[in-house]
Structure formats: structure tokens, C-alpha cells
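Letters A, B, C and D mark the chains in the order given here, with residues in each chain numbered from 1 onward.
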Amino acid sequence: MTSGVDTDTQTTGGWLTRDELDAARERLPIVYVDAVPVQLDASGTLQCVGLLLRASGKGGISRSLVSGRVLYHERIRAALLRHLEKDLGPLALPRIPASPQPFTVAEYFPTPGVTPFHDPRQHAVSLAYVVPVEGDCQPADDALELSWFTPDEARSEAVLAEMTGGQGTLLLQALAHLGF
Amino acid sequence: MTSGVDTDTQTTGGWLTRDELDAARERLPIVYVDAVPVQLDASGTLQCVGLLLRASGKGGISRSLVSGRVLYHERIRAALLRHLEKDLGPLALPRIPASPQPFTVAEYFPTPGVTPFHDPRQHAVSLAYVVPVEGDCQPADDALELSWFTPDEARSEAVLAEMTGGQGTLLLQALAHLGF
Amino acid sequence: MTSGVDTDTQTTGGWLTRDELDAARERLPIVYVDAVPVQLDASGTLQCVGLLLRASGKGGISRSLVSGRVLYHERIRAALLRHLEKDLGPLALPRIPASPQPFTVAEYFPTPGVTPFHDPRQHAVSLAYVVPVEGDCQPADDALELSWFTPDEARSEAVLAEMTGGQGTLLLQALAHLGF
Amino acid sequence: MTSGVDTDTQTTGGWLTRDELDAARERLPIVYVDAVPVQLDASGTLQCVGLLLRASGKGGISRSLVSGRVLYHERIRAALLRHLEKDLGPLALPRIPASPQPFTVAEYFPTPGVTPFHDPRQHAVSLAYVVPVEGDCQPADDALELSWFTPDEARSEAVLAEMTGGQGTLLLQALAHLGF
């Protein structure tokens, strides 16, 4: 959920000022989407999972899923497409799922420990989808890099330790949903 | 989604004033839950579906699912339980699903026709669950009556015609998810 | 499930003779897959559903999903790919789902009325998946034609009346899963 | 999948002799169900997971899920109920899921390594469900004991090491599906 700040600055436009959004975030759960970018072989078997590398506020780095807010009057699938294109570049060719059923719903709470998911800025209810990506990904926006990991690499301690806010748990849930 | 007005008056309390909520509703998608109350036999087979009868604003009646807002810092499963107890009474014994995965997500738009779901008051993103009910249901709050319908009755033209805002479509999606 | 006879003649090879398969079909539930071919737009929204046109035994025609048996030591996703390539041709480019979770399980019973699904030859337990198709489809094998229908056309009385064995119900369940 | 031998001896009755079943198992995938027994609180939150303790063939012990074959002309939900009652006793009050959609499908192969799931006796395609249990469980049949584990205990190395055939992976997939 580290992409939220930049995202909102760029995209809210006529929807909500930064102050208004901040106020709403203290009062209402905010609708989010989380996308797990994957590469599949011809039989649909998972080959690798894509994680964004970002500079974290404190000079370190973190790895994250594609994540962001759903805007007023925006379809969930449009929000998925928008955030995927923003983070993976315009040639990524994401295959947005046909069904609105997410594989899970991640409830990010401002208070740590209520759920496995934590976002200090807000209470976000995030619909999580696995999204096959077939084109060329080029990290865009504030992402430094997009790295692909095999399922075994993705669930390694080293990779999970670089994820924050519970996204490591969400990644493991996605892998489980895919049979890994 | 007809229960929203009364719900919010009663429950927002310290969260959001009516005016603030109205303002937010014009700017942000609001997180909702929809619950389809069902009765099952010992093998889990659907026996009947519960629909609330309400007086609609125009002097007519309408039938609806259990539906309402998720509050700030409220778990989805707590919101489900709260709305089910409010509408079905304290002895309904709803069996809240163990998994956070909804059977679908209904996107209610203030503009008709964008999706099958419409709510003139707001853009609501509603997580929809089937909830088995094992106790005694007593319509509470603003519901006049709770009626149980067999799957065939529930999908009849007569019943579907009494549902508004696309909830008839959501009911059919629930029945399909249950194998009907 | 009309494709089973031809399928098995061609593919059982070293697995099972026709007589042995017939004997097993009277004693064991048989593992099947059902695939609903779909075309999506860039945001994943359903554009149309593909149905096969076949000559039915009695001189009539019927429309059907892509359906067939899972062989001994065959992965479900390999069976999906095999049946889709057989029925839609080698250039169809089906996107086999990444997750093994089917949208439903259709239980075809030899006795009509036990479930909505009926197959006079056998008790088949069929895992049902929606499969986006991105290439050129050319009806192959015993299919006369592949036709694409919008969601509204697909759920029309006329189309559903041409489907047998409960596949019309399965088609409606697939549409419901996709938000229609 | 360790319960299969005893199960089939007891239940096949008029369906299939032991020899015939053995022959079929070398030729056809066999339809199975796996059930993960769980205890939930009033809001549906997972409290604990039930695992059966069995004597394994080699003098050791193993822990397993409730698992068994679907018989000819048997509904999946009837098979779930039968295996749960056999393993947990007649007073367990399992709540069979209303929807036929499993949370995953485990493909047990006779050859290790094809999938995470392995059964030396057969190729089994197992539909996996989470089943809340509300009554008193008494290990029955060949199970020595039923033990309840918190989610953290259930995913511990110690417990997973006592599970065979990939059921540890299936248990983790169930926990992930439940948000853990």
C-alpha cells in the first residue's frame, strides 16, 4: 500500500482534494485493489510473480504488490487497469480477471494487529486479484524496479522480509490460491 | 440497499455526522456488505432464501437482501453480524462465513446502467456473502416482515419484480453460486 | 457433455479400452472439465461467450460448452487445454486459469433430476472454468460451428433451449460468476 | 488421504469390489473430497483447525484431514457428510458448505513431484472444503484422536511435519483461504 500517496496526488483531480481525502481517511474505510502480477505458461501454471521495488521513506527499500485506491464512480476493473498501467508501464498487457470475485479481501487497519494487514494512513478494504501479465513491464511512477520471482523465491524469508503492511501475507495467500 | 438511511442514522455515532457522510458519498466509493440469508438442510443443500419486506418511499413495498455500510475500523465480518442482527433480530444465529472471499462484488453506481446495480445516493462497493441462518428470525428495524422462499420461488418473476437497485440480479447470482 | 464419445475414442489410447471405460462408467464417478470460452475487452469485461454447435444423435442440433474427461495421470489444466484445442482448433490461444479453484462443480447424474445436470452415460463430476480465448477459433472435431453470443443473447430462451444435459444452467452460472 | 483403504472396504458395498477398485485406480482419476474441520467464533473467525491422528503403516503416526472417495451416484455433499461423520463421530454437527465451489482442487498423483500432492495408490482429484464443526467430535473408525490447533499451531513446522501426501500444503492453502 506504499503507492497511495503518489497515486492520489496524481489521480484524484476533480474528485477530492488532498485535505478532504485525509479527512475522509479518518472517518471511512477506503476501497482499494491489490493486484498480484504473474507470468503463466501455456497451461496456466504459475511461472513467476512480479514485485515492485520501491524506496521506502526511511532510506531502505521495500517490495510491494500493485495497489491503489478505487476512485469515485470508477469500476473496480478500471482501477485495476489504471494501477497496473501506472506501475508496470503501458506495454504490460495485464489480463484483468473476467470475474469480480477477488481471491481474498485484505482489511488494512490503521491499528496494527487487528488483521495481518496494516496501513498507518487509513482503514482500507482491498479487493485482491491475481493478474496475468503478458507484455513488457517497465517500472513506472515511483517504482525503482520490477522483479520476477519463482514461487519458491517469492515465499522465501528474504523476499517476504522486504514486504511491509502485511503484503507478504497477501502474497502467500495468492500463491496458495494458485495451488502453491 | 434500501436500509442504508436508517442504518446510518443509528450507527454512525462518533464516526461521521449525517452531513459529513452525505459529503463523502459524493466523493468516495463507500464500502458495503450484502448478505443473502439462507436456510440449509443437514447436507448443506439450500432450502430457502430470506428476503426482507420493506415499505418503499412511494407507498409501495419492496423486497431486499440484508445490506449496509461497513464502518470505520469495523471488520467486514463484524459489519455482516451487525446488519444481520439488526434486520433479522437477536435470535437469528447467522453463521458468518469463515472465508473473507465474497461470492461476488456488487458495484452500485449512482448512475443507472453502468453495472446491473444502482443506488441513487452513492457509489457503493458491496461485498456479497451467503449467510446460513439457524435461529428464529424476527424482522426488526424498519423491515415489516422476513419471508422465506424456495429457490424456484425466489427466482420467479413476481419476487424479482419486487426487488430494486439490482438486488434481484444479486439474488440470482447467489443462487447460481449455490448451484441453482 | 456431448463430446465424450468421440473424445474418448481418440484419446484413451493406452489408458482404457472402450469396454473398460464403459464398465468403469457404471461404477465410479468420472472426472470431467467444463470450459466456458469467453472473449473479454481490455478491462476484462465479458464481451461474448462461445458455444459449439453439434449435430445431436436424433437429427437435431445442440449447443454445448467445451467439455471432456480428465485422463489418468493428466493435470486438470492439461485436460482443459487438450479439450479446448480439440474443439476450438490449434490457434484459439485459450488462457487457462492460473487458479485450480473452479467457479462451480457440476455433478452430472445418469438419473435425471438429482441435480440440474444429467448425462445418461455416466456419473460425471465436472470442474467448471471460464476460459478467455484470444486467438482464432475454428471448430474442429465433431463440432459444426462455434458461435459467439453476447451475454444477453447467451441467456435468451432460444439459445438455452438448444443446450442439453443442464449445460444451459451451467452457462447461466458462469454468466452470474462474471457479474451478469 | 490415509483413510482410503478402510473407507473403501466398508463402503463400496454393491458398488465395486476391492479388486475392481484397484484396477480402476490404475486407469482413471478417482473423485475425492478433502474436508478441513474448523471451529469458528460468532463472527466466523477461525479459532482452530481439527486434525486426525492416525497410526501410519510403519509404526509412526501421522496427522490428516478428513478425506475420502466419492461413490458412484453419490452427491459431493453427501460424501463430505459421510466421511465427516465416519471420522468425527455422529455428534460432530458438521456444517456442509452451501456452495459446491471448493476453495481448491488437490490433484494427488501416484508419481511424486507432479503436484504438491501425492498418493501412491492412485490418481485422485480431490475437491477441498472448509467445514465448520459445531458439535462434539469423537474420533471414530481408524483415527486415534482428533486434536484442535490454533492457526499458528497448525502452521508450525512440528504439525506440518506430521502430515503426509501434501496435506500440509492443503492445510496451509485452507488457512490462506480463511485469511491466515
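To be clear about the criterion, a contact is a pair of C-beta atoms (placed from the backbone, for glycine too) under 8 Å apart; a residue touches a chain by one contact, two chains touch by 3 or more.
Fair warning: this is a prediction, and the values are worked out from it, not measured in the lab.
Trainee: Going only between touching chains, how few steps reach chain C from chain A?
Mentor: The fewest steps needed to get from chain A to chain C is 1.
Trainee: Name whichever of A-B, A-C or B-C reuses the C-D interface, so over half of the contact pairs are the same residue numbers.
Mentor: A-B
Trainee: Tell me which of B-D and A-D has more C-beta pairs in contact.
Mentor: Counting C-beta pairs in contact, B-D comes out ahead.
Trainee: So what's the Cα centroid distance for chain A and chain D, whole Å?
Mentor: Those two chain centres are 34 Å apart.
Trainee: Measuring from the mean C-alpha position of chain A to the mean C-alpha position of chain B, what distance in angstrom results?
Mentor: Chain centres of chain A and chain B, defined by C-alpha means, are spaced 28 Å apart.
Trainee: From the mean C-alpha coordinate of chain B to that of chain D, what's the distance rounded to whole Å?
Mentor: Averaging C-alpha atoms per chain gives centres 34 Å apart.
Trainee: Where in chain B do residues touch at least two different other chains?
Mentor: 75, 99-101, 103-104, 115, 177, 179, in rising order.
Trainee: Under the stated contact criterion, what part of chain C meets chain D in this complex?
Mentor: 15-16, 20, 24, 26-31, 70-76, 99-105, 107, 109-111, 114-115, 123, 125, 127
Trainee: Enumerate the contact residues on chain C facing chain B in the complex.
Mentor: Per the touch definition, chain C meets chain B at residues 104, 115-116, 172-173, 175-177, 179-180.
Trainee: Which of the residues in chain C come into contact with chain A in the complex?
Mentor: Touching chain A: residues 38, 40, 42-46, 75, 77-78, 80-81, 95-101, 103, 130, 132, 177-179 of chain C.
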